[in-house]
C-alpha cells in the first residue's frame, strides 16, 4: 500500500529515494555543482543498467549553503519525508554537525569530501561515513613531498581559520614529521602558519607576512575564490617563485581561474579522470561530459559517484533501505568506484582508497591555459592512520 | 463579532496556534520541522517590527539577539545539562535584553535613522566575528549535538513534543509582543516614532523609551533564538551573520509593516516560496530576488496592506447598498 | 611576524582606494536619492564580469589601453542598467518609506547574483592585470606591485573628478540643491528628473567602472558582491552619507585600521574594522563630513 | 524672588561660537502673560529654545520656580512643569485626537510617578474621560477614528494646546501661536489662551508678530533687539516707546 | 496673460478646488484671500503642477500648460514663492539667489543677486549667511527675493508677510509695489494680512471651500462689509 521506500525493496518498483544535501548556493556552490552533476550521472548509469534490485534510484536535492545550520534544517526535512539515506556534504563543519543529528533521527550520511579528522575520531558517529579521502590524504601529500623534494625541509602554511584549515595543517605537519625523517633522514622545520580570514578580498598583508618566512615549502588550505584571489595577489610579490607549493584540495579551481598565470604547484584530487583508466571511470567520465559539456570534471563528481555506488552496493547486499541494515552493510563494504575499489573500515566508517595528486603548471599552448604535468597515486593502506573511533587522533607535533 | 482588540487578538492567536498544533496530523515530519523554524522566524519578524513600526527604529542587527539566545541555550544545555530548560530560555531572553541594552546604550546615544541601522549592523558583525573566532563558542564550526531537553516529566525529544513546545512558547512570545505594542508603553513608542521632539516635550524620556523597545525586542528575539538550538541540534556563527538580520526585515515588509500580523504573513509566505523553489537551487537567487522585487514594487504596503486595500475597495463598492443605514443613522437625534 | 610599517601603510592605501572606487557611486546615489543601495555590490560584480569578458574577447585587448577601455565600457553598460533601475525601481518607489527601497535594492542584489550565475557560471575566474601593470617595483624593503599603484592612482583620479564635478561646477551645485529639496528645485526651473537620472547613471557607471578597474585585484566569483559591499557601506557611513570627500577620507582611515588590524590582531581579522566603525560613529554620529546629502 | 516662576539671569546662547543672545535677563512673575517681540532675527526663537531646553546656553542661568534648570534636558523641564508649543503645530498625525491627548496624559502620569502598573492595554477609563473633557473644552469634540492629520490648521494648533494642557504645566511657552492663522481664527485662539490661563493660573510666555494678539494678550512685553532686551514694559509703555516704534512697529497705521 | 478655466484640483481622493476660473492680465496685481484651508495654496501649486492633481485648463500667454512639467512652467516666467519658504540650508543666501536664475527664460539676462538684494532692506546684511542660519523672517525675505531672480512675469507669493515684523511688512509692501511697477510684473498674492494685500495689489479674489466666491476691486470689497464676515471670519 504505502510507498514507504524503507520497506521491502524487492516488492515494489517504487524508486529508492536518496537525499543529496550539498551547497547549491553560496561560496561553495561551485563544488556542490560537481556533487550534484556527479550524483545525477551516477544514478542515470545505474538506472539505465536496471536499477538496484530492480528499483530505480531517485535523487532529492537540498541546498545546505555550506552552512551547518541550514544543512541540518534541510537534512531534517528530508528525514521527515522518509528519506533516511543521504549524502553530498563537502564541508567539515557540516559533516560534524550530522553525527548527533543522524543518530537522533535515525538517518545515514555519506560525506563527499569533508576533511576533518574528527569525523572518524573524536566525533565518530556510526551514522556518518566518509566514503572518500580522509584526513590521511594530507599525510600522503607530505610523504610525496619527502620523496620528491627531500631538500625542502622548512614548511609553513596558508591556513584559513576554520575546522578544515586547521585539520589540513595539523595532519600535514604530522606527515612531514613522520616521513621526512623516515625517507630523507632530515628533521623538517615547521614555521608557524599564516592564518587568514576567509571571504576577504585583500590578502596582501598576509602575503607579505608569508614572503618573509624562511620556509621553502608552503601548504595552502584556502580554497575556491579565496584561493584564486590569494594566488593572484601573491604573484607580484613573487611568493611562489622559489618555493614549493602544495595545495590541499583545489584541484583545477585555481588553475581554471588563473590560467596561464597559475604558479606551478601540486594539488590533491579526489579523482583525476585522465589517470583512471578503469571502465567505471571511463563510462562515468563520458557520461559526465555528455551531460554537462565540461571536459575537466573535478574530483567531487567522483566522490558523488562513490557515494551512490556505496548505497547501491549496500542496498543490493541487504535488500533493505532501513537505516540499521544499511549501516551494517556499509561497514566493511568493498565497492567499485571511479578510482577503483574501496573498502570502508568497519571500526570508524572511513573508506580506504588510493590517494591521487597532480602537478599543475601553466601552458600557453593549451586552451585552458594550464596542463597537468605530473601525477602520483599512493595506496591508502600505507598512509592511513589507525582507527580510534571516539578518541582524538594522535598527531606528531613539532618540538 | 467581538469589539475588544485584545479578545480579537487572542482569537486569532488561538486559531493560529491551534492550526499549528494540528499540523503534525496532516503533514510529514519534515514539514512539521520546517513549521517549527517558521514559528521561530515569526517571532523574530514580530520583534523586529516592534522596533520598526512601533518605535521607529530600523535595526540591521537583529541576528545578534537571536544568535545570542541560541548560543546561551546551547552552551547551557551542553555544559550544565541538568539545568531546567525554562530557566535556560529565561537566561537566553536575559542575555538578549542585556546585549540589546549594551548596544542600545551606545548606539542610541546619538545616532538615528540609517546611521543607527548601520551602527547596529557594525555591532552585529562584531559579535559575529567574535563568536566565529572564539573557541568557547566553537569558532566557525559552531556547537553541535545540542540535546532536546526535558521539562519535568516530559521528554521533549519524544516525537513531536519539541515542536508542540516551540509552538506554545512562540505563541506566548507573540502575546508578549502584542501586549507591549498595544499597552501604554507601546503608545509612547508610537508617539516617539511619529515625532520624537513632540514626545520629548510631553515629558517622555525618548532615549530611555527607545532603549526599552530595543531591550524588549532583543529579549523576545533571543528567547525565540534559544528555541533554535535544540530544534536543529546545532548553532553556528552564521546565525549572527548580517544576512540573517535582513530576514526579519524581509518578512516584515513582505507581510506589511503597518500590521501587527504582517511579519507572520511574510515569514510564512517567504518560507513557502523558499520551500517551493528549494530544488531549483541556482535559480533560487533569481526567484527570491525577483519575487521580492515584484512585491515591493507592486504592493509597497505588503501582503496585508494589499488585503486591507482590497477590503476597503470592496466596502466602498458596497456602500451604495448601505445608504439607507447611513440615512437612518443621520436621522437619529 | 608583523609586516613592516611602509608595507602596512601601502597596503592600507590600496585597500582604501579599492574600497573608495566601490563606495563612490554608493555614496553618490545615497546623497541624492537617500537610498542605501544594497545592489551596488551586485552591479560592481557584474561590471567586473563584463570587463573580464571584454578583455578576454580578443588579444588586442591584452594591454593597458584595452584594460582601461574594457573598464570604461563596463561602466557604460552598468550605467545604462542604472537608467533602467532608476525608471523601474527608484522612481516608482519615490513616495514610499525608505525601508522599502532598501529591500528593493536587496532584492536587486539577489537578482544580480542569480544573473551572474546564469551567465558566467559558478566557476571562479580571475583576470590578470595587463602586462604593463604586471611588474613590481622595489623601494627598499617595500614591494610595490604596479597594479596596486594603478589602483591607488585610479582611486585618486576618480576622487578628484567627482570632487570637481560636485563641488566646483554649477551642475554640482544644482545636484546638491536637488538632493535637499527637489520640489523647490523644480519651482526654480530645474529639470529634476533629468538630473536624478543622470546621477543614478553616474553612480551605477562608477560601480561598473570600479568592477572593471578592480577586476584584476581578486578572483571573480558570485560572492564578489558580498565581499565589497559591507566594507563599502562602512566607508560611506563613516565618511558621512553622500559626501565624496568624506568617503575618500574614510576609505584611507579604514584602510589603515584594516591593515594594522590584520597585523596587530591576526586572530580576529576584521574585528578592528567594525570597532573603528562604531567608535567613529559614536564620536561623529553623522560621519566625518556630516552633510547628509551629496557633497 | 525665588517664587517667580521664571528667572533668567545673564543668559548667553547661540549657534557655534558667536552668541545670538547677549546677557539676557528677565523675571516673569506668577500669572504674568509675557510677550517677547522684536525684529526678525533678533533672537526670539533662540531665546525660546534656550528656555525649553532645546539649546544649552553658554552662560547664564535659568531658574524655574527657584530651581536651576539651565542644563536640564527638554523632557525633564516638561516634567518639572514647563509646557511648550511649536511654531508649526506638532502633533502625532497618525493617532486620533483623543489618542494624542491620552498619550500626553499617560506621559504626565509617568512623569509624576502616579502611573502604576497596568495589565490592560486600553488606557485607564479615567484618562479617557479626562481626554474627552479637555477636547470638548477646547472645542475639539472627539472625531471618532479619524487621524489627527486631517484636522485643519487651526484645529491642529488647538490639539497641540490640548496636549500641553493635559500635562497641567505651570509655565506655558508658545512660539508664534497664531502664525499662519486667518485673522478671525487668530482672535478665537487668543480668547482660548486667555481663558485657559485664567482658569489654570499658569504663567505664559509667547512670541508673536501680530500686534492684535500681542496687545490683547500681553500683560508685559519685552522687546528683543540684536539679542538684547531693549525694553520691558506694559503694553501701553511699549506702544509709546519711540525706539520700539522705529525698530519694530513702524508707523503702525493699521494696528490696534 | 494667465487664463484659468474650470480648474479642479485633488489631493488623493479629496477634491479641493472646484471649477476655479480666473484671468490675470500682464502687470496686474491680484490678491487671493480666504480662510485657512480654503484652497489658496492649492491653487498656486496647481498652477505650477507642484502637488495637487488637476483637471481643467491653464493658459499662459495663450499656451495651454496641460502636461507641462513644473520646471518648464517656471521657465516660461511664472515664479512661486511657497508658504514654507524652502531656503536651501547648505549654501549662502547669495547662492540661494543664484540657483534661482535657472528659471530665466532663454534670451533674458537675469539680475545679479546683489541687484535683487538691494531692493529689500533686510537682505544685504545677510547675503553671506548660510540658509540654515536664518531666522524665520529672514528666510521669508530670502524666499521673496529668490522669486524675483529669474525675471518672472507672474510672481505668486504665498503669505509673504507671515512672520515678519510689522515694520518689515510695511517696507515689503512698498518694495514689492516698486518692483511691480518697474518690471511690469503681474502679482498673485495670498495673505491673511489684508492691509498688506491691499497695499500691493489692484483687485482681489476670495476663495472659499475651493471655489471663487468674490472677484472685484478693493473698493467694492470695502463697500460690501458682509464679505469679510462671511468668508474671512470664522
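Just so it is clear, A, B, C, D and E label the chains in written order, and each chain counts residues from 1 on its own.
To be clear about the criterion, contacts are C-beta pairs under 8 Å (C-beta built on N, C-alpha and C of every residue); 3 or more make two chains touch, one makes a residue touch a chain.
Just so it is clear, the structure is predicted and the values come from calculations on it, not from any experiment.
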Fewest touching-chain hops separating subunit A from subunit E: 2
Distance-maximising chain from subunit D - centres being C-alpha averages: A
Far-end chain from subunit B, centres as C-alpha averages: E
Distance from subunit D to subunit C - Cα centre to Cα centre, in angstrom: 49
Distance from subunit D to subunit A - Cα centre to Cα centre, in angstrom: 75
Computed distance of Cα centres, subunit C from subunit B, in Å: 33
Distance from the mean Cα position of subunit C to that of subunit A, given in whole angstrom: 37
Shared-contact residues (touching 2 or more other chains) in subunit E: none
Shared-contact residues (touching 2 or more other chains) in subunit B: 133, 282, 284-285
For subunit A, residues contacting two or more additional chains: 29, 33, 161
All chain pairs that touch each other: A-B, A-C, B-C, B-D, C-E, D-E
Subunit E contact footprint on subunit D (complex, rising order): 15, 37-45, 87, 152-154, 176, 179-186, 188, 209, 211, 246-255
Contact footprint of subunit C on subunit B as seen in their complex: 52, 58, 106-107, 109-112, 114-115, 117-119, 121-123, 125-126, 129-130, 133, 242, 246, 249-250, 253, 257, 282-293, 296-297, 300
Residues of subunit E defined as touching subunit C within the complex: 48, 50, 69-71, 74-75, 79-80, 82, 86, 88-91, 95, 99-100, 102-104, 146, 150
For the subunit C and subunit B complex, residues of the former touching the latter: 36, 88-89, 92-93, 96-100, 102-104, 106-115, 117-118, 230, 233-234, 237, 241, 267-271, 274-275, 277-278, 281-282, 285-287
Of all residues in subunit C, those that touch subunit E in their complex: 173-174, 176-177, 180-181, 183-193, 291, 293, 295
